[in-house]
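Scroll down for the structure; my scribbles are underneath it.
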Amino acid sequence: GIFAAGGEESELTRVKLPLGYIPNVQFAPLYVAVEKGFLSDAGIEVEFDYSFETDAMALVGADELQFAVVSGEQVLLARAQGLPVVYVAAWYQQYPVAVVSKVGQGIETPADLKGKKIGLPGLFGANYIGLDALLFSAGLGESDVTLDSIGFTQVESLAADRDQAVSVYAANEPVQLRAQGYELNELLVADHVQLASNGLITNEKTIVEDPDLVKRMVAALVRALEYSIANPDEAYELSKLHVENLAEADETVQREVLARSIELWKADRLGYSDARAWGNMQDTLVKMGLLSKPLDLSKAFTNEFLP
Amino acid sequence: MKNKTSLLGLSSILLGLLAWDLLARFGSLPAFILPSPVDVWVRFLKAVTDGSLFFHAGVTLLEIVMGLGVGTLLATVLGYLVARSRTLERALSPYLVASQAVPLVAIAPLLVIWFGPGMFSKVFICSLIVFFPVLVNTIVGVRAVPAALHDLMRSYHAARRDILFKLEVPSALPIFLGGLRIGATLSVIGAVVGELVGADSGLGFLINVGRGQYDTALVFVALFTLMALALSLYGLVILVERRFLAWQESVER
Amino acid sequence: MPTKPILTVKDLSVVFPDNNGASSPKGGLHALEYISFEVCPREFVCFLGPSGSGKTTLLRALARILKPTSGKVNFIQRQQPKIGMVFQQPNLMPWRTVLDNIKLPLELEGMGDVKARAKAQEMVELVGLKGFEDNWPRDLSGGMAQRVGLARALVHDPDLLLLDEPFASLDAMTRERMWTELSRIWQAKQKTVIMVTHSINESLFLADRVLVLTQRPGKVKLDLKVDLPRPRKDDIRYTPAFGKLALKLRKAIE
Amino acid sequence: MKNKTSLLGLSSILLGLLAWDLLARFGSLPAFILPSPVDVWVRFLKAVTDGSLFFHAGVTLLEIVMGLGVGTLLATVLGYLVARSRTLERALSPYLVASQAVPLVAIAPLLVIWFGPGMFSKVFICSLIVFFPVLVNTIVGVRAVPAALHDLMRSYHAARRDILFKLEVPSALPIFLGGLRIGATLSVIGAVVGELVGADSGLGFLINVGRGQYDTALVFVALFTLMALALSLYGLVILVERRFLAWQESVER
Amino acid sequence: MPTKPILTVKDLSVVFPDNNGASSPKGGLHALEYISFEVCPREFVCFLGPSGSGKTTLLRALARILKPTSGKVNFIQRQQPKIGMVFQQPNLMPWRTVLDNIKLPLELEGMGDVKARAKAQEMVELVGLKGFEDNWPRDLSGGMAQRVGLARALVHDPDLLLLDEPFASLDAMTRERMWTELSRIWQAKQKTVIMVTHSINESLFLADRVLVLTQRPGKVKLDLKVDLPRPRKDDIRYTPAFGKLALKLRKAIE
């Protein structure tokens, strides 16, 4: 649980924040928010948690936790099952999934995917939804391609030519593959359809009971995003304090990962949720059969806590 | 007597159901974390009606049966050889033990690359996990064959295969079947771990789907089906024990 | 007997390693030391000797269950005769019924099941266990288990019988019946018998020759020819010839 | 003799290393999928020097030791009770077997809610996986205690605890230790599975980090450390066997 | 003897369930049927009877190892006397050395280790196993194992000795030494002994009373008082009184 701030100013609200993935340079803004004191300025002390996204979602839904960072489609899927979660700040403006292939395959537009064998971790999660959205944008469907559920082994499968294309996280795997000397074609989902992406969620109870906390949290996140975009080198150095092994890893690759991530974060108004992107996401999910009926999207996200 | 005890098993299951229902009803957990037995039953009927449960359960069962078969076979043969030669044991045991310590999730990429993401890698993982308990208990069982009975067989100049089938197999059977009980139960995990890592069918896949769509009732349906599979396999081993170990005292002390 | 010996034992020694497994300077436990003797075909030889003198060890060496430390065990007629052995402990397979235990040697010879069952059933009756064919060994009394062991040793018509105190847990009456049966079988079929016993009477009643072993290390102390007439009836015990032989053995043992 | 066999073990390990090196050198796999032994060795030295390997290995070892301890303790106690009462066995075995068939990854949220995401949940998973093999072998071992020796103890009107410690424990020990061999090896997987699911320290976490950053050599270092842990635990059990089972024949047949 | 009986057995019956576990209409195997007898303090009672007549079963019932199907076993002086039992099979713990096996009953009584070892060592010497204290049971000969069992039964100075063919695998000389030792212990300490044997000589040499059981179901066929003078030396065998008793027993058994 949390320990609500007492009367004294010096006491911080302690918050556990699941990120859904292991420590990674992609979470640089959060590390910045801690190290630059943005969070403590907002009266919050966070403890990062690296458990699975769906587990985090369930915990927030059950009000065991107040916040989590999750992918946009997860919010809709969870709400469809009655989880009272609300998306309060967008972090990624661009849906961070891409379909990559070796140049030799000649896959340059989504339409070129027709008839190809495409590797993805499984029929769930962002890689799956991003891929389908991309196919739909070209008028294709799942039946036009061969989906190959290979777990999180897309890099290896592409390198070993198991699959002709793979659905990956745009900021990470393509960079790694290029660093290994592969020439790639990359289809970024966000270039073809705008979808609601990763962001900060809370639950309805927290919004009612402690709207100020939500506001402070969102403010700190947006401030950190802004700072990270402006100072990528410093963000990288601060990440080393949190990311195990970052100091030992291949620096040029990791800096490139950060640079690419920043491209996905950039927006006119940081933190803002675009109703169109949410509508597109819902359409995609309905088309995929993952949602049986449309939801009240106005309850799924809000911009009211943005500074 | 027999009726009484199976009644006991049944009533212990009913008791478990009741506890679960009460927990779901009056506990503080929302339905998407802990659905009630009724929710799960409804979801079960749906999954049965649309055929998806049978299909996925069938895939998993096939993987389990194959994995169990291969793992048991290899473990029995190797265990027998190792039991009869300390030299072989010293040479192999680092590999055998190490093979068990590898978290399979971590080497899945290699497995996928080597064997493809299809059924083979699941069967492989499954047989790897079945392998060790059967191996160890085969070794322990074969080593526990009474020396006096070996003497008896030697006095007849019995052929190796006679020693094997008429002495070592029946004598090691109780301990071996203990290993098989463990193996059969673990095999279910083995197949599911493979499916959780990457698959497009099977009960592990169904769990992933249920989790991805926050359909917790479906997750529970898959989990219970897995438990039912495990219990059936376990029950099969118990049946074999009843059939072949009647000579052991079954006195309740 | 004028015939060539069927079995020659020459300078047989068996040394067991000491407890800790290594051959200590003391050289381990000398169970048998330079044993030599010969056995003729159809001879009935008894071994007597104090507890721990190596009688069981000797039988194990003859059956090639145990590799002697030095010395030789040679069978002359064939490389290795067919052996029937009764162990000091009943040594039954607990997962086989009485009948199946008796049937074992026939199975090992590859005899068909029907025939094997019939022969085993005959032996069951011979040793007086009718009605217990389907019992598990754990439900037998000590003497019954020993008789199963005896039946198993006889069922496959072996050339050489090695018997380690086969009648130790039998009551006087059953024992005498078994003696008679054994004598009958030994005379009817061409068998050689080597038997360990603790009973002087038993050895004189059955044997052509009695060998007495000494306490550790076991050596042959006496090789006594028993030239009592056969068949030996119960009252032979009270003849002076029997008494004289018994006294000789008694002295040798003490 | 002893020297010869340990030489054998060593040379069999060297052979494995050689095969790996050849595969890495001349195989078609790139280094970020299969690094060479030298790469891994270099990465190992680095991880040792900066202290990270010791730290993470320490965390994992702690989880393993605790999980193994708890799992073994529970399994031994429960196994003993079950072995002595068929009634208890019928009542409990559905739960015991079912508990083994649950893919832990699937119930992680519940575990996290119940126990928090810290070390406890890893220890829990670890002890759950250790539990079953030890349980089954305890049951088999206790059931195999010779009835005649029970008679002996009864003729002395021995107290329950004397029967336990002077008869059942030593008699069941060989089979029990077989179960512990399996359990000790599985415990390593147990802890790592917990860490892979969600943790910020431990060797499983290190594997995740390595994979996330395509530092495959680091993954291998973590894997080998895990294997070393498993081998050490296994070796410990073997040592215990040597110490307490000297009375069993160790004849090579 | 004028004293009140220490042990009263009344209408004792033991029925073993049939092979298939159920009580068949036939009613299972009747091992003992309506056995009644009394034993006085310090009495030495022997049981004789054919193999399978229920002697072992009787001892097991007396030791309360086995619950009788019907009837009663009552000890009068105390609820349950201290028992020392020799089983038909040696029944040693394979994980204990010879000395530790003998020490077991003392451990169960909570005796300190030093004292227990000393007493056990005494017993080792009494049964002639000096030098084998640290051996594992598997390295013993049959007779040596039996002597360990005997030592274990005597070491804790029991009130009641239950002996199931304790001398069956001993050679004549060792057996006689054991007889003498047993007689001495029995006379020196206040012990009651119930012994199963197959040897008429043995029973007459040792017992105050000999009971003969019939073949299945076991009933008491003869209750013979042995009023030979004590101490009985070896040559008592050749006295007419001994011969007469032996003949009686022989007849009863046949």
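So that you can tell them apart, the chains are marked A, B, C, D and E in the order they are listed, and the count of residues begins at 1 in each.
The working rule: a contact is a pair of C-beta atoms (placed from the backbone, for glycine too) under 8 Å apart; a residue touches a chain by one contact, two chains touch by 3 or more.
Treat the numbers as computed from the prediction; the structure is a model and nothing was measured.
Undergrad: Write down the pair of chains with the top C-beta contact pair count.
TA: B-D
Undergrad: Relative to subunit E, which chain has the most distant C-alpha mean position?
TA: A
Undergrad: Just grab the chain with the largest centre-to-centre distance to subunit C, centres being mean Cα coordinates.
TA: Computed centres place A farthest from subunit C.
Undergrad: Subunit C to subunit E: how many Å between their CA centres?
TA: 27
Undergrad: Nearest whole angstrom, what separates the Cα centre of subunit B from the Cα centre of subunit E?
TA: 50
Undergrad: Using the touch definition from the top, which residues of subunit D touch two or more other chains?
TA: Subunit D, residues with two or more chain partners: 29, 33, 109, 113, 147, 211, 248-249.
Undergrad: Of all the residues in subunit E, which ones touch at least 2 other chains?
TA: 89, 136, 138
Undergrad: Of all residues in subunit A, which are in touch with two or more distinct other chains?
TA: In subunit A, 54, 58, 62, 152, 156, 160 touch at least two other chains.
Undergrad: Could you run through all the chain pairs that touch each other?
TA: Per the contact definition above, the touching pairs are A-B, A-D, B-C, B-D, C-E, D-E.
Undergrad: In the complex of these two chains, what residues of subunit E are touching subunit D?
TA: Those residues of subunit E that touch subunit D are 60, 63-65, 80, 83, 85, 87, 89, 91, 93-96, 104-105, 107-108, 136, 138, 162.
Undergrad: Quick check on the complex: what are the subunit A residues that touch subunit B?
TA: Against subunit B, the touching part of subunit A is residues 54, 57-58, 61-62, 77-78, 80-83, 121-125, 147-153, 156-157, 160, 162, 290.
Undergrad: Tell me, which parts of subunit C touch subunit E in their complex?
TA: 16, 19, 48-52, 55-57, 88-89, 134-136, 139, 141-144, 147, 164-165, 168-175, 198-200, 250, 253-254
Undergrad: Subunit A touches which residues of subunit D in the complex?
TA: The touching residues are 29-30, 32-33, 46, 50, 52, 108-109, 112-113, 117, 197-200, 205-206, 208-215, 218.
Undergrad: Under the definition above, what is the set of subunit A residues touching subunit D in their complex?
TA: On the subunit A side, the touching residues are 21-24, 48-52, 54-55, 58-59, 62, 64, 152, 155-156, 159-160, 172, 176, 180, 243-246, 248-250, 253-254.
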